Amino acid sequence: MPDSAENVAAPLIEVRGVTVRYDIARTGTSLMAVEGVNLDIAEGEFVTVLGPSGCGKTTVMNVIAGLVQPTEGTVTVDGRIVTGPGPDRAVVFQDYALLPWRSVFDNVRFGLEMQSTLNSGDWRERVQNAIELVGLAGFEQSYPRELSGGMQQRVGLARAIVAEPRILLMDEPLGAVDALTREVMRDEIEKLITATGKTVIFITHSIEEAILLGDRIVVFKSHPGAVLEEITVDLPRPRSERGAQSDPRYLELRDHLWDVLQNEATAASRGGQGS
Amino acid sequence: MTATMPLKIVRPSRSARRGSGEGRWRLLLAGVVLAILLLWEAAVSWLQLVPAVFLPPPTAVAASFLELIVRPDFWSAFGYSLGNLAIGVVLAVVIGVVVGLAVGWFPVLRFTVAPFLWLLYSTPKVALAPLIILILGLGAASQIALVLLLAVFPIMLNTMEGALTVNRSLVNAGRVFGANGIALGVKVLIPGTLPFSLVGIQRGAALGFTGQVLGEFLGGAGGLGHLLERAAFDFQMDDAIAMVIVMVIIANLTLTVIGLLRKRFAPWHDDRATVKAG
Amino acid sequence: DPGTEEPAGGVTFPEGEIGPAEDADITVAIPFPDITMYSMYEVATAKGWYEEEGLTVEVITADNVAAAVSSGSADIGVDSAGTVIEAIRGGVEAELLSGHYCRQNFDFAVQPDITSVEQLDGTAVVLAGQAGDPAEFQRALALKEAGWDLSTVNVEIVYPGPDSATWREFFVNDRVSLIPFYGDDRPALEEYGANIVVESLQNWANDFHMAGSAWLQENPNSAVRFLRATMKAVDFMVAPSAGEVPTNKDEVLDIFEAADFDVADLRVQDNPWVLDGHLACPNLYVDEEAWQITIDTQSLQPLDFDENVDLGYLLKAQELLGIDNEGPSEIAYP
Amino acid sequence: MSSLFAAPTGLRAQRGVAGFIAGLSPRGRALLIAVEVVLLLLLWQFLVGTLGLVNAVFFPPPLDVAQGFAELVQQGTLAQNAAVSVQSWLTGFAIAVAIGVPLGLLMGSSVPVDRVFGPIAWTLYAAPAVAYQPLTKAWFGFGTGPVIFLIVISAIFPIMLNLAAGIRTTSPSLIRAARVYGGSRMDVYRKILLPAAVPYLFAGLRQGAVLATIGMVVAELTGSSVGMGAVIIRSANTYNTDQSFAAIMLIVLWSVSMTQLVGLVERWLAPWNRRKGAAS
Amino acid sequence: MPDSAENVAAPLIEVRGVTVRYDIARTGTSLMAVEGVNLDIAEGEFVTVLGPSGCGKTTVMNVIAGLVQPTEGTVTVDGRIVTGPGPDRAVVFQDYALLPWRSVFDNVRFGLEMQSTLNSGDWRERVQNAIELVGLAGFEQSYPRELSGGMQQRVGLARAIVAEPRILLMDEPLGAVDALTREVMRDEIEKLITATGKTVIFITHSIEEAILLGDRIVVFKSHPGAVLEEITVDLPRPRSERGAQSDPRYLELRDHLWDVLQNEATAASRGGQGS
C-alpha cells in the first residue's frame, strides 16, 4: 500500500512482477508472453521501449492500459491498482483501431466524447487542432477506408492526443508514417510532451527514434518477454536527427543499443536451438 | 507545418455511371422476372403442366390483383394489417437489438439466456397461439404479439452473432477512451453490429408479416390475412395468390425502406467493396 | 306443454317473459366462414331479427373457438359437438347453449371408374379437413355401414383443409379418390362425372353453441334473444318439407352474396338441398341424446349431461317461439 | 473463459457471478443450463398447475405434458411419427444446403447474380409459407413431398442470404492476396470466400435448422396424416393438449439439438473462429 | 507495340501515363490518387519508392500488380499489357493480408499452392526455408491472431518469397519489424535478390532503407501522386548500415533526399493554401 505522504516521491506507474500467459485454445496450451516484468516510470518521464518483434511490448502496454489482466503481478498508477482502462491513460494502437463508421473528425472527437469535455465550448477547436497537428487537415470528412495506412495511423495519434490524458501509451505510433512526416511528428510530439509534462510510454522499432525521444530507453528481450536493460538518455533537448548524428554520445548510445539487441538475438537463437 | 493540402476532387457525371451500373441490373432483373412470368403462363395456360386451380396463370392472378386493389374493403384491411405490422416490427427491432447486444456481449447472459432464445425461436408459434388469445384476446393486440414473436428472434440472434464478432481492437479502443456500459454499446457495439442487425431486421420484417397473417388466421375480423383466409377456403387460388403478391410487395417495400435507412445512417457500410475488388 | 318442463340447472325466467331489449353487442366465433354451416347469423342480421332483439351481432372466425370464448374475445362460439364436449371437460369456463344441427348428410363421391372399396387400395382419400376432426370417425362409420369399409383396404387418409371446396378441387384434379361432399359441391362433381356412392342422412348433433359462463351470467336476456332470432333465421332457410326447394332460396342467396360468399354455382341449381337448410333443425335442438350420441360415436370419455349442461336459455327461447326441444322424427333423404 | 476477450483480456469477466460462470467448464455450463431448465419447469408447474393462472387445457403444466408424453410413447404414436419427421427434416435440410450454398456463393461474389437473383430470393423468402401449401399438395401429393418442399423453402434462404452477406464482407485485401498468388476464380471461392464466410454460413445454417423445423411442422399440420405435426394437430383438435405439448416440446428439442450440432460442426471445421460461446 | 526484336533492350516494367481516380460513393465525387505516372524498370533492377504518406505509392504498386485498373494509362510487363495479377509478380501487402484461418505454415504455402509447384516434391522444404528466412521457425502452427504485428508482416514476406516470382512488389515489408530484425532481413533480402536477379519494387518510409537497398530511388510527390524525382544509387554492394554511414556519398544522398522531400512538402503546403 503506498502511503499518501510518500506519493510525491513514488513513481507514477509501477509495474510489479507482471507475467502474462496467453491461453491457446486451439492446442490447449498457453504461451508465456512476458514474465516478471518490473518497471517504474516517474511523472513526466518519456520512456521509449525497444525490443525484438514478438517480445511482448504490446502486451505490457496493454496491461498498463488495463486492457489485459496480467496472469501474475500488478500495475499501479498513482498508487491505485489498475483494474481497467481509465481516462488518465490514452492509447495509440499499433493496428490503429479506428471506428470504420466514423469520419476522421468523429474518430478524433471520440477521444473527447466520453469525458464531459464535449460540453465545454472549445472542443471543436481542440479536435481540429489535433487533426492539423497530425497533418490531416482537409481529410476531416473522409472515412478510414479511404485513407492510406500512414494517414490512418495519424488519426489514431490525434485521437489520443486530443484527450489530453496524464499518461500517453503509444504503440509504434509512427510505424506506417513516412520519413519526413515522421520527423515532423516526432518533433511535434516532443514539443507537446515537454510543454505539457505528460508521462509517455512509446514503443518503437527504430533505435534512432528511441534515442531521440526518450528520457530513458527500456530494452526488452524475448522468449519470454522481460526487461533486458534500462538506459538513461542524457542528451540535451531539443534533439534533431541530423544534429544528433554528429553527437558522439548519440552515436555511442546507438552502437550500444545495437550491440545489446544483437547479443540478445544471438543468445536467444543459441538458447532457442536447444529447445 | 504539415504536408497537407486540399484534395483534388473530381465530380463524375452521375447519370453516366448510373446508366452503366445499377440501371443495367435493374433492366436485367425486369427481364428475368418477365421470363419467369412467361414460363409460368406457358406451363399453366398452354402446356397445362399444372391445373390452373392450383396454380392460376399470371394473367388470372393479375386480373384478381386488379380487382382486389379497387375494392374499398381491401384498403381498410391493408391499413389495418400494416398498422399492426409497423408497431410489431418497431417493438421487435428495439427489443431484438437491445437483448441481442446484451446477450452477445455479456458472457454470463450468453451462457444462461441464449439457449432459451434458440429454444423460443424453435417453438412452433401455433403452440403459443391459444396462450396469446387467452392473454391478449383476438384482435390487434394478439396480432402485434405474433408479429413481435416472429420478427424478434431473427433480429435478436443476428445481433447476437454480430456482437460476438465485433472487432476486439475497436472494443479496446472504446474502453481506453472511456466508453463503458451503455456508451460502449451505443458507440462501438451497435455500429459494429449494424450490418448483422440489418440482415436480421430485413428478415424479421418479412417474418413479421407472416406473423400478422397468422394472427389474423387465429381469429377476429378485418385485415389482409382474413381476405387471404377467405380466398383460400373458397379455393380461389387466383385471389389467394393476388393477396400473397400484396404481402410480398409490402415485404419488399419494407426491405427497400430498410435499405434506404442503411444508406442514410450507415454510409460507411459499403457492401459492394468486395465485389469491386473481386 | 313446454312450459311445464323444468329447466336443467339454476336459471329460471319468469313464466313467458324475458326482460326488455338491452342494446347489446354479441360476438360469435365460428371456426371458418362457410355457407352451409355458419350462415344463419348473416340471415338473421340481414332480416333485422337481431336488431329487433336489441342485438348487434358480429361474426368472427377463430382458429380455436374455445380459447376465443374462454378469453372473452367471443361471447358465443360454435364448434363441433365433440370439440365442445372436450372443451367443457377440460375446464373451459363456457356453457353449452344450444345445438346447431340435428341431421347430418353423409354423402361421398369416388372417382368415376371406381365402383367398389377394393379399388380404393393404394389411393388417398379425404374424410375430414384436419387431423383430429371428430367427423372423420363418423364418416368412416357411415361409409362402413354403406359397404365401403375403409379399414379393409390400404388407403392414405389425407387432410386438405377445412372447406369442402378444397376437397372438391383435389378430387376433380384426381389427387384424391374419395371425398365427402355438400350440396354446393354437387354440380361440379356431377359435371366431372364423379361416382356418388353413398348418400345418407343421420341424426347427429353436428355443432354446439357455447357461451362464456361469465357473459351468460350477466346477459341471460340477450342469450335468449340471440337464440330466438337465430332460430327464426334457421327456419327461414329450411326447406318447407323434405324434398322441396326452399321458397326463400333467392333471398337467402342474395344475403349470402352480400356477405361475400360466392353463390354463382348455387343460383343456377333448383335442387331441394341447394341451401342444405333441410339439414338444420329450426329449434336449435339439443338434449341428452344428442350429447350421448356424440360421446358414443366419437369414443369420448363419458361426461355427465346434467352436471355440465343448462338448457334453460334454449328452452325459454323455444317457448317464446312456441316450439319444442325435439329432434326430427323421420330421417329421410329428399 | 469468454471467447470475446481472448484469455487475458477478460478483465471484466473475472468478477462476481460473471466470473464464476465464465470460469465454468463446458460441462459445468451444461449443468447450469440444466438447472435453469428445471427451475423454469417448476415455475411453470406452479403457475399453471397449482395456481391455475391460465386454463390448463390451453397450456398444460409440465407434469401433464410428461403424462401426455408417456401416452404417446405407450400408444407407439411417437416412434412411428417421429421417424417420418426426422427423415423429412434430414432430406429437406440436405437439399437446402446443397442448393443454398452454391447459390449463396454466387450471389455474394457476382454483382449480376446478386442484383438479379437477390430481389427474387428475398421475395420468395418474404412470401408466407401458407402461400405454397395448396401448390405443393397439387405437385407433390399429400405424403412427405410437400413437407420436404416446405423444409427446403424455409431453410434455403437463411443459408443462402447469410452466406452471400458473409462473402460480400470478406476483406478485399484477402481477395487481392489470392489473386496475386495466382488464384483462379475457383480458388478465390474455395480458399478465401468460403472460409471467410464460414461464421456467416454457420449463422445461416443455425437459423436454417430452426426454420426448417418450423416449416416441417407447418407442413405436417395440414394435409399429412403422419409426422409430428399431424400428432400435434390431431391431439390439439381432440383437446389432448398434454399430448400436443409433448410433441411440440420434442420438436423444440430437436430444433435446439440441431442448432447445437451445427455449432459443434462449426467448431470442428473452423477452429480458427474465435467464438466459442455455448450459445452458438 | 513493342517489337520482339527489341525486347532485350526494353525495360521489364513500363508504367505509362497511369492515372487512378477513386470513386467515393458516399459523396458521389472521386479522388485523384495519382496522375500521369511514368516509370521504367529494367529486369533485375531493385527500385525503392519513397514519398509522403497518402501520395499514392500503394496505388501505383497495385496497378503494377494488376489489382487496380488505372483510370488512364497502361502498365506493360515484359511487353504485355497488365490486365490482372500474374504468377510473375508477387506482392507483400502493407496490411499483411494473411488468411486468418490458416496457420503460418499454410499461409506461406499459399504462395505456392495456386501454382502447380505443390506437385513438385520439395515444396515443404521451400516453405520451411522461407519461414526460417524471416525468423519465424517454431511458429509454423500459430494462427495470425496469435502473432505480434511484426511477426505477421514477416509471414507476408515469406509468402511472397516462397513463390519465387520474377518480380517482387513489396509495400513497406519491414514497416512493423523491429530495428534489428529489420537489419537482418534487409541483408537477407539484398542477398536473395542479388543472388537470384529478381526485379523488385520496394516501398519504404525510411530514407536509409531506400538508399541501402535501392539501385534506384523513385521519389513520389502527393496531391495528386506523381513521380517527383528518380535517383540512381551508385554505392557499392553489399551495403551495411553502419558502414554506409561513414560513406560521404551515402550521407550526401541522404541529405539530398531529405531536402527533396522537405521542399516538396513546403511547396505542397504553399500551393494548398491558395485553393
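To keep things simple, chains are lettered A, B, C, D and E as they appear, and every chain counts its residues starting from 1.
The rule we apply is simple: a residue touches a chain if its C-beta (ideal position, glycine included) is under 8 Å from a C-beta of that chain, and two chains touch if they have at least 3 such contacts.
Please read these numbers as outputs of a predicted model, since none were measured by experiment.
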If I average the CA coordinates per chain, which chain comes out farthest from chain E?
C
The chain pair joined by the most C-beta contacts is B-D
What's the distance between the Cα centroids of chain B and chain D, rounded to whole Å?
18
Inter-chain centre distance, chain A versus chain B - centres from mean C-alpha coordinates, in Å:
46
Separation of mean Cα positions, chain C and chain A [Å, integer]:
84
Chain C-chain D separation of Cα centroids, rounded to whole Å
42
Please set out, as single numbers or ranges, the residues of chain C touching at least two other chains.
64, 67, 70, 161, 166, 173
Listing for chain B: what residues touch at least two other chains?
1-7, 51, 54, 130, 133-135, 172, 217, 232, 235, 267-268, 270, 272-273, 277
Where chain D touches two or more other chains at once, the residues are 6, 9, 55, 58, 134, 137-138, 171, 176, 272, 274
Can you list the residues on chain B that touch chain A in the complex?
1-7, 167, 169-170, 172-173, 175-179, 183, 187-188, 191-192, 194, 266-270, 273
Partner chain D, residues of chain C touching it in the complex
64, 66-67, 70, 82-83, 86-87, 89-93, 124, 130-134, 156-161, 166, 170, 173, 175-176
What residues on chain A touch chain B, complex-wise?
62, 65-67, 84-87, 89-91, 93, 95-102, 110-111, 113-115, 132, 134-139, 143, 145, 159, 163, 180-181, 184
Which of the residues in chain B end up touching chain D in this complex?
22, 25-26, 28-29, 32-33, 36, 50-51, 54-55, 103, 105-108, 110-112, 114-119, 121-127, 130-131, 133-135, 154, 157-158, 160-161, 164-165, 168, 171-172, 195, 199, 202-203, 206, 209-210, 213, 217, 228, 232, 235, 237, 240-241, 244, 247-248, 251-252, 255, 271-278
In the complex, the residues of chain D that touch chain C are 55-58, 134, 137-138, 141-143, 222-225, 230, 233-239, 241
